[in-house]
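Chain lettering (A, B, C, D and E) follows the sequence in which the chains are written, and residue indices restart at 1 in each chain.
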Amino acid sequence: MKEIKLFLGPQHPGMHGNASVHMYVEGDIINKSRLVPGMLHRGFEKSMENRTWMNNIGLIPRVCVVEPDINEMCFAQGAEILNEVLVPEKAHYIRMLILELARISIHLMSLGGIGGPTGLYTAMYWAQADRDLLLDIFEAITGHRVYHMYIVPGGVRKDLPEGIEKLIIKTLDGIESRLPEYEDLIFNNPTMQSRMVGEIMLPAEVVWDLGVTGIGMRSATGEAYDLRKVNPYARYDQVEFDVPVATYSDAYTRMKLKMLEVYQSIRIIRQVLDGMPEGKPNVKISRGSALKWTVKEGQIYSAVESSRGEFGYYMVSDGGTSPYRVAVRGASYPQGLLGIEKYMPGTRIDDAPLWFDTMGICSPEIDR
Amino acid sequence: MMNSTNRPGMNEMVNELKARFNVEEVTFVQDHEAHVDLHRKDLHEALTYMKQNGFRQLSAVTCIDWPNEKIFQLIFNIYDWSKGNRFIFRVKIDREEAMFTTITNIYGGAKYYEREVHEFFGVVFEGNDSALKQLFLEQWDDLPPLRKDFDSRAYSDRKYVKREYKTSFGEKGGEPFERN
Amino acid sequence: MTITITDFLVAFGVAFCGWALQTSVSGITRKTVARMQKRYGPKWYQNFRDIFKLLNKRAITHGWVYDFGVIMALAGIIGTAMFTPVANIVVFKGYDNFFVFVYLFAVGMLGMAMSASGSGNPLASIGVMRALTQMVGYEVPFMVIVLALIHVRDTSSISALVDIQQASGWNLVVMPIGTIVGFICLMGMLGKKPFDTYIAPAELASGPMVEYGGKQLGMLMIMHEIATFVEISLFVNLFLGGGSNILEFLVKYFIVYTLASYVSNVLGRFKIDQVVTFYYKIPILLALIQAGMLVIFGWGV
Amino acid sequence: MAKKANIKKDKVKKIVIDKSKSIIDAPSGMFSDKINEPFAHEMIVSKDRSENLTPKQRKRKWKSMANYFSANSLWMLMYCTGCCAIELPQAMTSRYDMERLGMGPMATPRQADILLITGYLSLKTLRRLIYTYEQMSEPKYVVGFGPCTLNGGIYHDSHAVINQLDQYVPIDLYIAGCMPKPEAVMNGFQDLIDLIEVGEATGWKDYHARYEWYKQNQKEALGEVMIHDEFHE
Amino acid sequence: MTILTIIIALIVLSFATYYITKINNQVGAYTTVVVTLAALVIFLLEGDKLSGASSIGILRFSVTPLAWFFSIIMLIVYSMVAFFNPYWMKKILHPGAYNMLFLLSLAGTIGVFFAENFIVMFIFWEIVVWASMFIIPFGKSRTASVVYYAMSTFGSFTFLYAIFMLYANYGTFVIKDSLEAAKGDANIAIAAFILMLLAGFIKLGIFPFHIWLPMAHGNAPDTFSPILSGGLVKLGAFLTILITTLLPIHEVTKDQAYIFGVPILIYVLMIFGAISIVVGTLMAIKQDDAKKLLAYSSVANGGYILIGILLYDEMALSGALIHIFGHAIASATAFLTIAAVSYRTGTTKMSELGGMIHKMPITYVVYLMAIISMAGIPPMTGFISKWLLFQALADQGMFFIATTMFFGSIGSFLYVFRPLSVLFLGQLKPEHKTVKEAPIGMLIPMVILSGITLFYGVLPNSLVEYTAKIESALGFDKVIETSALVIQGNNGDLHAPLITGIFAFGFIIALIIFLIAPKSRKVGLMDTYTAGEFLYTPSLYHAGYAYYAPFERLYQKHPNIVALFAALVQKVKDFGKFIRFVFFSRWPGRGVMFIILTMILLMWGEKL
């Protein structure tokens, strides 16, 4: 018998989240591999049909645990467009603030997460500690650390607290000043380079074949394929930022792009805080009861750019108090399922855990 | 809802589609997003055509259950990254005999989306054998769960033990809740 | 020289104190490393608590070789530690031969490898495979250096080498390149990053340890601590002149271990073939140069 | 038996996280030049924990050295079953530094002492969880996070998520919150340590005693626990 | 009793065995057991009383400690392996011939060891070559036999050439006299030395002549592989020791430039030994067939032995002799365990096996002890010899040679561990659920051999003293010293019983800890960490194939000596084709034409 079967997950230190990769290994090369999802399947889409639009606000952040705000944004945006509600300018800016803070937070987590597969635990400790400060900001703004339920249809739940700008600026200054240290620790570290450079290649044609979006796509194609630029939502067309791109998509490049995106996000937040308009943070989403509000009949695909790529909700309303159907397009669906089946074979078992960190695979949004 | 859009490329594409295929209805939801109701026979050709014209990404394949009209509506969501245009093709298939031909030969990425649709709605995709296996669920013993006639609460009540509380939160008349 | 039972008991005392010492030192290092990572870290005696807890647990066994291998591993390492000269406590003077160290140490490693493979888990087998492969990397440069040392000093007894160093200066001064190579090899021996490939939790779920729990894991932890003690002592004795008294020895010991831990904390983990290629590029070249300097030209002697 | 630690009256809060300062201020020492200055919160542990114990408990405590070691060296299994796991890295790393309690993550169930059930459990996970739990060596403890383990929480009506975990495996401690904050997690662990020290975390004994009952419940919900399906052979 | 009697008796008995086997397989096979055991007992009892006095014509023998030492090794290996013969009678194509050749090769080896002159030595040498050549194809492959024969013949020719060269110059065939005489003329001495050494190299499997060894060992019948590896290979070592020390080559070459304290010629030859170590080790790591793996390990060990001999130092020679002893026993034991496994399961491919420890625990323990010795780990014989060799190397300061030796030594951990892990440990394959422990007749010799390995590892002094005796008989000024229980080297002392004692002490401590701790619960082999997933196929959870894959990848594209030989073979074949084309075609005119042309050319030359 030439092959052995190894499991990466669900209960494995190399697996972030609760999913399993079944690998048939010969020597140390993976011959065949499959992602076995569904360990986190909660029947989200069914549960959303069973709840009112209002109730769903509490439910949806849980689709993706590490980056919940994009769910709220998708949901709110979809409901608003269907109801033809114009959100106040301030709400747009606050949303951008929250989304970018969330982006920094998940990128930091990812930068630390690279410490797992490569053994650089110091990076993990540092990044988690820095991320925790962002969670403090979230707590101050929304009252919650992880699931904020802050971006609601019609705007944001409440206005920013007094003096929060000071804290945000201070924290971001701190994080920005620490980023060169991360660069030294992770990117200029010869041992880390030897692990990441040239590993887990994602050529451009593979990107199109799989349908990978986000950093994976941008690092391979060299084009600024970012929904914030291509189809600007909120007020991303009013802030200046660059989209870091590359044409050689190995693990190192993808991690580096994450790092560069942190700089860009900080830049966006600075602009947002400078140009924060006055006014109300929210409007009423529809006429009728405050809790049992309705959405006009129609179908819409509402997408935002998450840290892993295009994240969208296909929302169908029959005009009732509950959504008729919501289909979630998880951003990591292509690289998670098809990518592992088609392109993971040939990798060595040493590099298998790196897939999850650098490709950006979030198992809860695959399972739902 | 709009009937036309100013975005470059969208109207031309819609006109092309109308000329070539049996388009039932076109709705512009956002200026970059067009919903196109197609006849089920034309879908594959339309997708092939779209792929040749820049729509290289399949964002999702999903399904909507309309039990009253006895149809499933299949949703094919494609996107052109270079222009930023999105087309959503919708086809209707019979609910009782839910069959459709796979699109994996056009968009390879559809493999797992189709599998998911099969698992949650029971739609069989001909030509995609792997879609017949379970993906998320394990040893599922009931209707496909996302169909409208499947009641998940009843299933849960039937199958899982619920914690008993002295009070019922839902209805009036229960005893006051006591902390023990 | 006749060997009495007292000698055995004293030697065992060395092994036991070595265990206690290394367990404490690694506890202290855990605390200092925690400071590097901006936290407080556990109590310094946490490792003792871990070991005793493990010995208390109701473990599982996968067959007799699984247990026997663990006992053999601990036995080999205790035996090696009993030979270790610590400062002026040298029990088996003259018999503490370097090659005895290397090969008696291998008994312990073989026992552990056997037990791990006996657990029937392929991850353990792969871990053992990596550990052995890594051994090919670090042992050769180290042994070449020591061979040159033995050649110029005309003795392969560790305690005699210590005595010579006490008299005529540390080998750190005599063979600086060799000491650097020795330190790199020591990192490999200790399994510190970047050479902890065989543990690699993210890939192998802790490699050879994958099936251990309870007393077997406890015994392997004891073994690991004693093995670390032996390795660091060997380095201190060979390159840093041992110690004329216990205190000097302890200071050197502490410095070496802490240094190794610190270095390892800012490095990632190599893949196993990278480990071997690494050792066969620079360290072995340096080792040969150093050996040539000592043997052919007699520099520094 | 299941115990709600946060309801126990005879306990004082063991960890007081210093949050008295305004939340708008960043914690001191965060971005200082000294790289190794810890910015973990000070952990204040009341000196004499035994004063709250009954005489019987106190007697038992001194009787068993084993409990002391078990309690102070809890190795947890790295298994995130649900969303509550997202706060575990925070509890583990620099800010809250779980290692102070002698806790650390472990790779395999053989090595681990505590199983953290971090949130909802789908049927698929429950199978693996039971298998994993049975592989752990005794004494072993289970901590349930959030309401999902208690009564299904927000997913109480989902077709895929079980509602009451203690029907299938014994739980020693629940930690409240959706999701529990790191402070709550730390507090819960401290409570677990106390429970173990006085010998009251006996879920694993209960699993032996009522093995048939647990197996029966598992069978009812899962059909067969160890499944054979397409991926497995 | 004289050597001549014993040898003649062996030859006669070997033919008798052929007919006995024809009548009854089993009786024939047991005859080999009885005969070899009887020979061993005679040698042990008679000891030094053996005499080489009687002779028939040129068949003269002389008794030396070296010859006695080698023949004891040989007889131990032969007699122990003979126990396996009865079990293989059904599997071997020609049992009668096998038994006959088995005894004949034994007679041949003994003849080689005790021969007084080169002619006798050569005759018996050829007997061994022919006998083993016919046995090898009884196994799996005929090609192996052809390669073995081609190589051996080459060696025989050079050997013969050297013999006649010496005879032509000095007029004597007697080993001692002719070598003594050759001392005077360095050129002839060196030429004869190298020519004879080639024969030794080929037998010992030194690079670049190592390719026959894995082919022959791997493909020979399972019972004959231990003989090849444990016994016949050592003939080469014997010849090398003989010519190196009797000449002695260091004195002959003392005019040459010195490197690391040895003449350049010796150093170059040692490099061949070093290359053998590296090649043998690397190739052994790659093998999937357990027998081939052990065969390559014999190549590597041949390198150690060669280096030890060529160092020409009392410690090195003693080390080499003990290594010959230790490796012969350990390698034979390892081959026997593999034979036992093969007897029960029918395969020697490691990836097809697994978890045999649960069915064959005693075989496992025997194998474990054999590999501990092969890897040079205390308390086994292999450690003593490695220690001596390393001491000698350190003494000379030969760090380049030492590098390869250390590499081989650590590399041996890798390859000996592979069968242990893959074949014996791990998951038991379902098809081997019904396998039983090896029969008692196989266990007895394996246990005895293990006992020998262990005994001389713990108390090596008698062995070391005997090597000292050999050294003094070979004319060494200084011999290895031992006192009470300690071996005294130049750079330090070795107290083997102390090491064992300390290990035993540690073992007791560890055992106490183990017993005090709570008892553990027995679980099945498949109840193991699978990351929480479910798996029911044991063979899918057994890491066996391409075990050292990452390491192997590092030297995947190595230059291959086999390719060189293949090219050579191709050239010879082409030449043969040309000859056939010219002379053996349907048109004889071509041949006639060629001959005429050649003759014209020759005559032309004469005239000019």
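Assume a residue touches a chain if its C-beta (ideal position, glycine included) is under 8 Å from a C-beta of that chain, and two chains touch if they have at least 3 such contacts.
Since this is a predicted model, take the numbers as computed values, not measurements.
Undergrad: Suppose chain centres are the mean of their C-alpha atoms. Which chain sits farthest from chain C?
TA: Result for the farthest chain: B.
Undergrad: Hey, which chain ends up farthest from chain A, C-alpha centres compared?
TA: Looking at centroid distances, E is the chain farthest away.
Undergrad: If I average the C-alpha coordinates per chain and also across every protein chain shown, which chain's average lies closest to the global one?
TA: Looking at where each chain's C-alpha mean falls, the closest to the middle is C.
Undergrad: Could you work out how far the Cα centre of chain A sits from that of chain E, in whole Å?
TA: Inter-chain centre distance comes to 64 Å.
Undergrad: How big is the gap, in whole Å, between where the Cα atoms of chain C centre and where those of chain E centre?
TA: 35
Undergrad: Would you kindly tell me how far, in whole Å, the mean C-alpha position of chain D lies from that of chain B?
TA: Taking the average C-alpha coordinate of chain B and of chain D, the gap between them is 39 Å.
Undergrad: Measuring centre to centre with CA averages, how many angstrom lie between chain B and chain C?
TA: Here chain B and chain C have centroids separated by 60 Å.
Undergrad: Can you list the chain B residues in contact with two or more other chains?
TA: 136-138, 145, 150, 152-153 - these are the residues of chain B that touch more than one other chain.
Undergrad: Where in chain E do residues touch two or more of the other chains?
TA: If we look for residues of chain E contacting two or more partner chains, we find 527, 529, 531-533, 535, 537, 541-543, 547, 550.
Undergrad: Can you pull out the residues of chain C that are in contact with at least two other chains?
TA: Those would be 36-39, 56-60, 122-123, 126, 201, 205-206, 210-211, 214, 271-272.
Undergrad: Which two-chain combinations touch?
TA: A-B, A-C, A-D, A-E, B-D, C-D, C-E, D-E
Undergrad: Taking the complex as given, what residues does chain D use to touch chain E?
TA: Chain D residues touching chain E: 79, 108-110, 127-129, 131-132, 135, 226-228, 232-233.
Undergrad: Mind listing the chain A positions that touch chain D in their complex?
TA: Listed in rising order, the residues are 10-13, 16-18, 22, 34, 36, 38-43, 46-47, 50, 58-59, 62, 65-66, 109, 112, 124-126, 128-129, 131-133, 135-136, 139-140, 145-147, 161, 163-164, 166-167, 170-171, 173-174, 177-178, 181, 364, 367.
Undergrad: Can you check the complex and tell me which residues of chain D touch chain A?
TA: Answer in residue numbers: 23-27, 30-31, 35, 39, 77-83, 85-87, 89-90, 92-95, 105, 107-109, 120, 122, 124-125, 128, 132, 154-155, 157-161, 178-179, 181, 231.
Undergrad: How about chain C: which of its residues touch chain A in the complex?
TA: 36-39, 122-123, 126, 193-194, 196, 200-206, 265-272, 274
Undergrad: Would you pull the chain E residues touching chain D in the complex into a rising list?
TA: Listed in rising order, the residues are 527, 529, 532-537.
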